[in-house]
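To start, the structure itself, in structure tokens.
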């Protein structure tokens, strides 16, 4: 494995965005036939580093060598030519093109100068099969696929380019355990074929399973490189966050108060063929998890509560009284007080070019205004509170929120809803792509909000989170509640088993929850 | 970019300039340049009468461009301006035929007709999700059809009322044409709405990402609808003022205002994609366009040359400051 | 199946006056009535065109005319020339006997004229006429109009001086002819004239703005001539407190109202032109041709001229009518005389 | 899902436009006094093909999520130019045609360069270049006039074998020679990709700039073909501002009727062609129905309003309100 000249080397790479130092003399050495994990907090500069590598971002200074020869990449296409292929954190699929079009997009097969559709389809099918996603039809439009499928297409697309260095920037953050294990098998095979793989993830268990070599980034610098397995998880996390790291999950309260009417209740909620007779309750002070494989109706369920879906049947009750919520603006009204932290913060949670201030107060403008005029003093007070409460790291309130790192963006999304002091909080996979430190803060916050009397419904693709945070977990399968796990029943084994619906002993479907 | 030096200079400027967009500053600089070039041709381009005259004429475009800006901030466009202007003017004059009550209600009625057109646009864009570029084109055609039917069938009265004349050409404050005062008032209201009111914030929010605004619990459809209604109303009001200026309404009044109003908003640094822009910029854009048209006209440039210079100047100015940021 | 080329004079020589001495005369084969006649209009959305369409309908509805018509159809195709060409093609294919056209473009109708000739369809153009010897043109002497205005200025500003000329739509032959007429006369006068030209596009708003700018930068002027949008030009003078000066202009009602009101202050006007009623002459010509009468290939319309001090309310202008209304709706030699009410109130009366 | 279903889903917009056109055309011809004759079809085809070319031009740009408000003016400019150049001997005529097409390409290329390399928003950039092109057209033809090789013009606007309108044959040929290769080329795909998601396309190493540039340039070419046809149809050149603007706006309407998304990335020029033909038939309907002349513009406006609102019916199928916001 140790050859004299490393396959790829980056030295003294710096990149600044305005006043932010995304990278500061960063170094990286990549060798063939190994999986190199890059770790670091949100905003540590991981994505920027690999964007430099992939020709998306031009570094301010530094040099890169490939096979010992100095290279520069003026465009992603140039990096591709050199055999560097990247799966970006923000997906780079073209939504209106088909899966096959996307897979061959950088270099489609040609005949008589035109794209050869037959050949393209064969290449796509082969690549999909290699990525373990043969179930995706090559003619389907990417925009019609759920996020997790798109991620698989992204991987197939990368493989179709026959890379020498394959970079995955949080490529698994939207994937379910089943897909992840498929991907891992593929990655390990590629390593065997002599590729160099760079792997960025915030999921420690994935890194433990996969990586040969690890490099930790902090504040735009590489602070440590070590052989995988040579450091304990706690040591690694401390390297990442630069401070002592203790317990992840806050303690759960002993028992959930059960006297009053549940804050949020659903009775036989159905919607098209995606939700089937879902009944559930969430009490004030409770954190209820939604589990199951990705795409089993969890997102739709949250959207249904929030008034986004049309043609719902069944009943939704707030404090025991039936309500008809027909829009998010109805859902956030005083009597209901609901908040939704949406799935995709960049397109659903935030207006990226607008300032942190404008984003924070956006959902609470009606509360902060008198006669339609914003009370700027009140706005400032509330924003200060929120920034302090969530420890949002920002260079100022008047910079675009898009300039914050992923984790801090997510905090802004949450803070923007907390400004309304919601009574019911729906969370749609809020920790996706967020570093351990921030995650921990979010877990604490969730519990704090519950203790203060909020009812929380929490969907996560991460089983550890469900186990660590939730008082109860409802496992969804094919749009219906398959099982309810309470307290100590919430184990990884139980979650996975019921998610795959492979339980012999079927529990009384969901209805138990309404009691 | 050397921020330190820039910051140093900016630090010494008054606050409103420091906060202004470089695009807006450049636009104002272009105005000065234009006047300078004009004055080389004839001294009278710097005379107060001429400048006031331009400001007065600019205020008609200014009022119309205000509505256009609101719509553009949403990331939409309003192509129904020509016949909203004409309908506003014609209906206001027509109302005046109905006795003293008609005369009193003339202006509100004209504006109301514009609002109606705007509401149809708004329903189409916000509720039926039809691209604004196409629905406003269609309502423009419908409004034109209605006006043709109306003119032909009802032998309308089309002289402006005294009030309309007064608004467009009178002087409430000596030396300052009323049209300019009206534009200033509407502009001030717009600035206030855009910077201080919740409505303005939501407009910017929707322009940036309507989906996120909707999920924040904002009734985005209503906001879009209101914006189009306001745009229609302002176009019609522009028509009312124009009718006052010309002391009568005519069918083709609005034709000359569509492209200039879009160009003015964009020259003022507002992003045609929505979500970004300041009213000060629109003011600059309006004055710029008006001056350019007027100077070319007075220089007796043949039409062909005027069109060419007009186009080249717009492209040149946009290249100067209206460019999107580089992608890397 | 084209017309026979014959010697003059025409059937009604006073009405169907030949354009020039060498104008040819047509005699179409006589067809049995009643006829199907179509009006292929282009643009519709301005007062002139609306008034024209209304006049056409009013004329076709007159008893003696209606008796000769089986069908009178009007189609407006907008500004697009090919659409108008297609409309005429369709009329030919549908077997109309005569087609009256206000052409969007004088030169673009060659192929259609050919087809009409082959099909034996009578084609009559008016207002914007056709550049051809194969169709009938009902023609306004645009250059003569310019000459008239030029002479008016010379007679009222005898020593030459500064003149504001507000032109029409650039690139149209009407604009060029009128412009040339004015300048030829002025140049021939031997006096010194400083003419400021601006483009008013025959539109009050545009003309007013352009005039206001011109007055502010190049004024004051000793005389004004405007091809259209004249109400706006006078308005600009009033707004700028420009002294009233002699004015040669078109026939808008609003302009004549001003002329009548401010004549004493120096607004000495010559108001001349041909109103939209010329469509009636065109229809009349078509019918005459179908009846086998001799008609000139190019008919010269008389100009409706009113000059200071002869503006009479209720006859030359209508104080309670719209400013945009075009006066000059009578062609006495053709027996055509509409009142304002007849034209603009027509639909109302029908309902 | 079966393959053909994906194909169907992809072609839905085009097929819908085809359907609308066929229905309207049947209404038109069955009420036409002359009926469904070769003459009537030829007249409709000649008029429709003009707009079809301009609409195809617009489509190319719209696919990249841009818009070209100068197509109408390129159309006029090339018309004026053709009225000077496309005359004389077959050799001269051929050179003239080539020159006219080259000027169209150049205009498109200038638009492309300003939008892509100048990084200006297409709406304003093309408003401005449109003014310039119009000005040049007016310089070339201050008055309507000029001439064209009438043999060529008659051949292009006549009929092949006395049945099929030649203009339709030419249109078909242009589709085969320009649209089909473009849409299947790497550049064409780049244009689609750029329109659908410019960042994603860029990050995937797609040559977006070249793709967009090609789209704008070919749009200029197609508009010039339209301009040539206008010359063939009218035998003259005419710099009529209103008409240039009208074609620009009509082309947008045609594109939308043809199922091309103004947001980019979706649709085909074939759909736009049917959109153009359908749009033109709206105007023709006036001819066969006896409307009071003053009500005709209103009728056209209302039909247009209804036609563009048809797409809104899909809204009732939307079960997830987030789909409102693309």
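As written, the chains take the letters A, B, C and D, and residue 1 is the first residue of each chain.
Everything below uses one rule, namely that contacts are C-beta pairs under 8 Å (C-beta built on N, C-alpha and C of every residue); 3 or more make two chains touch, one makes a residue touch a chain.
These figures come from a predicted structure and were not determined experimentally.
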item: Any chain in contact with chain A as well as chain C; value: B, D
item: Computed distance of Cα centres, chain B from chain A, in Å; value: 43
item: Inter-chain centre distance, chain B versus chain C - centres from mean C-alpha coordinates, in Å; value: 35
item: Intercentroid distance (Cα basis), chain D paired with chain B, Å; value: 30
item: Per-residue multi-chain contacts in chain C, two or more chains; value: 44-45, 50, 53-54, 170-171, 347
item: Contacts with two or more other chains, residues of chain B listed in rising order; value: 144, 148, 152-153, 211, 214-215, 303-304
item: Sequence positions of chain A contacting 2 or more other chains; value: 56, 308, 327, 348
item: Touching chain combinations (by label order); value: A-B, A-D, B-C, B-D, C-D
item: In the complex, chain B residues that touch chain D; value: 77, 79, 124, 128-131, 133-135, 137-146, 148-149, 152-153, 210-211, 214-215, 259, 262-263, 266-267, 271-273, 303-312, 314-315, 318-319, 322-327
item: List of chain A residues in touch with chain D within their complex; value: 54, 56, 75-77, 79-80, 86, 88, 90-98, 101-102, 105-106, 108, 110, 113-115, 117, 137, 139-141, 157, 271-272, 300, 303, 308-311, 327, 348
item: Residues of chain C that touch chain D when the two form their complex; value: 39, 41, 43-45, 50, 53-54, 57, 73-83, 85-87, 89-90, 93-95, 104-111, 131, 170-173, 176, 347
item: Of all residues in chain D, those that touch chain C in their complex; value: 32-34, 37, 39-40, 43-44, 46-47, 50, 138, 141-146, 153-154, 157, 230, 233-236, 238-240, 242-243, 246-247, 280, 283-284, 286-287, 290, 292-294, 296-297
item: Contact set on chain D toward chain A in their complex; value: 1, 3, 6-7, 9-10, 181, 184-186, 189, 192-193, 195-197, 199-207, 264-266, 318-322
